[in-house]
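Provided herewith is a single structure, encoded as structure tokens, for subsequent inquiry.
Should a chain be cited, it is by its letter among A, B, C and D, assigned in written order, with residues numbered from 1 in that chain.
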């Protein structure tokens, strides 16, 4: 299992802030996980398919598409940050 | 008459912080005034003759040697500043 | 160094005094306070809500401070960032850097703010007359952070 | 803008609060506090006395602030500089700059400090174990002020 977190606009549009996902053997990295989520369609496709600016973190470190994803990881998807 | 002010190390070495000087006709600029003071000898020569870093102001604006000096002016001599 | 994420307001005078008490060698204190403005992108802003990523936010700011300490001679740095609902004129963020000399203090303080704006996971949602909206990130912030790559 | 030359200490929190009350458009407050260090050029410093040129000091700092306002978008700036006898850990100088954006606030604040160090007529005399001495000006301060000529 992995934990997947969504923040800000994504959290609202997807209607969830957190979920547990059993990682399929085919998913090895962030791009693979993203494709898995986009395949759900609807808001998942709209928000995660790549035409909106998207950031991700693996175990609380900023990461890009090729970053490995493994059982037990905490993954997060969110828009570019706007604090400060 | 002009007013001449001395600050910091100059004030201490010259033993005065302020004096009134009747401006001789021959003195037209800062360099001329400085030569007049150096001619007094002693600490005046040591402090003002040019081998020590010296700054000057005419009517409270930083000025260099060629700056005109006229009756009624407030002239100041002092070391490079060290505030802040 | 210290990083605090909190809903409460902060007191810059008290925070500087506390950092200074810890070290009589300090000669320079540079600081920055960010404040909620009543206008953004041309629209009046009534209030905003700040969301963050608990855990990662603290870690990313600690990492930014560690980078700053590697580049400049810095005694200490403090970052306080507020979350929750804020209104115009409320304080959002505080950065304080102490050093022996002003050049190091200024550079590290601005570096921390520029990197915080592009790296620390916070998101602002504004209430405007035309409804609530998530604030879009600014290209100028990316540029501000990026220029530190070129400097020494 | 305001320039105050005074023997009394200052309170950065109160000064920032007062500047901010005057203008709800402020989004950024950059500030700097200079502190007396207990060592200078390798010698222990017990206390120092700051002398200034009354009238010219205020004028020159006002001129520095005016230059900063001509270069960056700044709402307001405050400079407080203490004179008289100060001891290690005492505050010497405070600069606060308010602006809409942090880049302008940081740049103007550092510019004012750098120019103040080379242009404002103050002189420090230190008491050390080997006696009292006038502090020599630093080439690094001239370099710090000079680099603003190159920037835009």
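In this section, a contact is a pair of C-beta atoms (placed from the backbone, for glycine too) under 8 Å apart; a residue touches a chain by one contact, two chains touch by 3 or more.
All of these numbers come straight from a predicted model, not from anything done at the bench.
The minimal number of chain-to-chain contact steps leading from chain A to chain C is 1. Taking each chain's centre as the mean of its CA atoms, A is the chain most distant from chain D. The mean-CA centres of chain C and chain D are about 23 angstrom from one another, to the nearest whole unit.
Chain A and chain D, compared by their mean Cα positions, are separated by 48 Å.
Chain B and chain D have CA centres that are 26 Å apart. Touching of two or more other chains is recorded for no residue of chain B.
Multi-chain contact residues of chain C, defined as those touching 2 or more other chains: 34, 113. Here, these are the chain pairs in contact: A-C, B-D, C-D. Residues of chain D that touch chain C in their complex: 11-14, 16, 20, 24-39, 88-89, 100, 102-103, 105-106, 109-110, 113, 144.
Chain B meets chain D in the complex at residues 5, 7-9, 11, 53, 57, 60-62, 76, 78-84. Of all the residues in chain D, the ones that touch chain B in their complex are 34, 50-53, 55-56, 59-60, 81, 92-93, 113, 116-125, 134-138.
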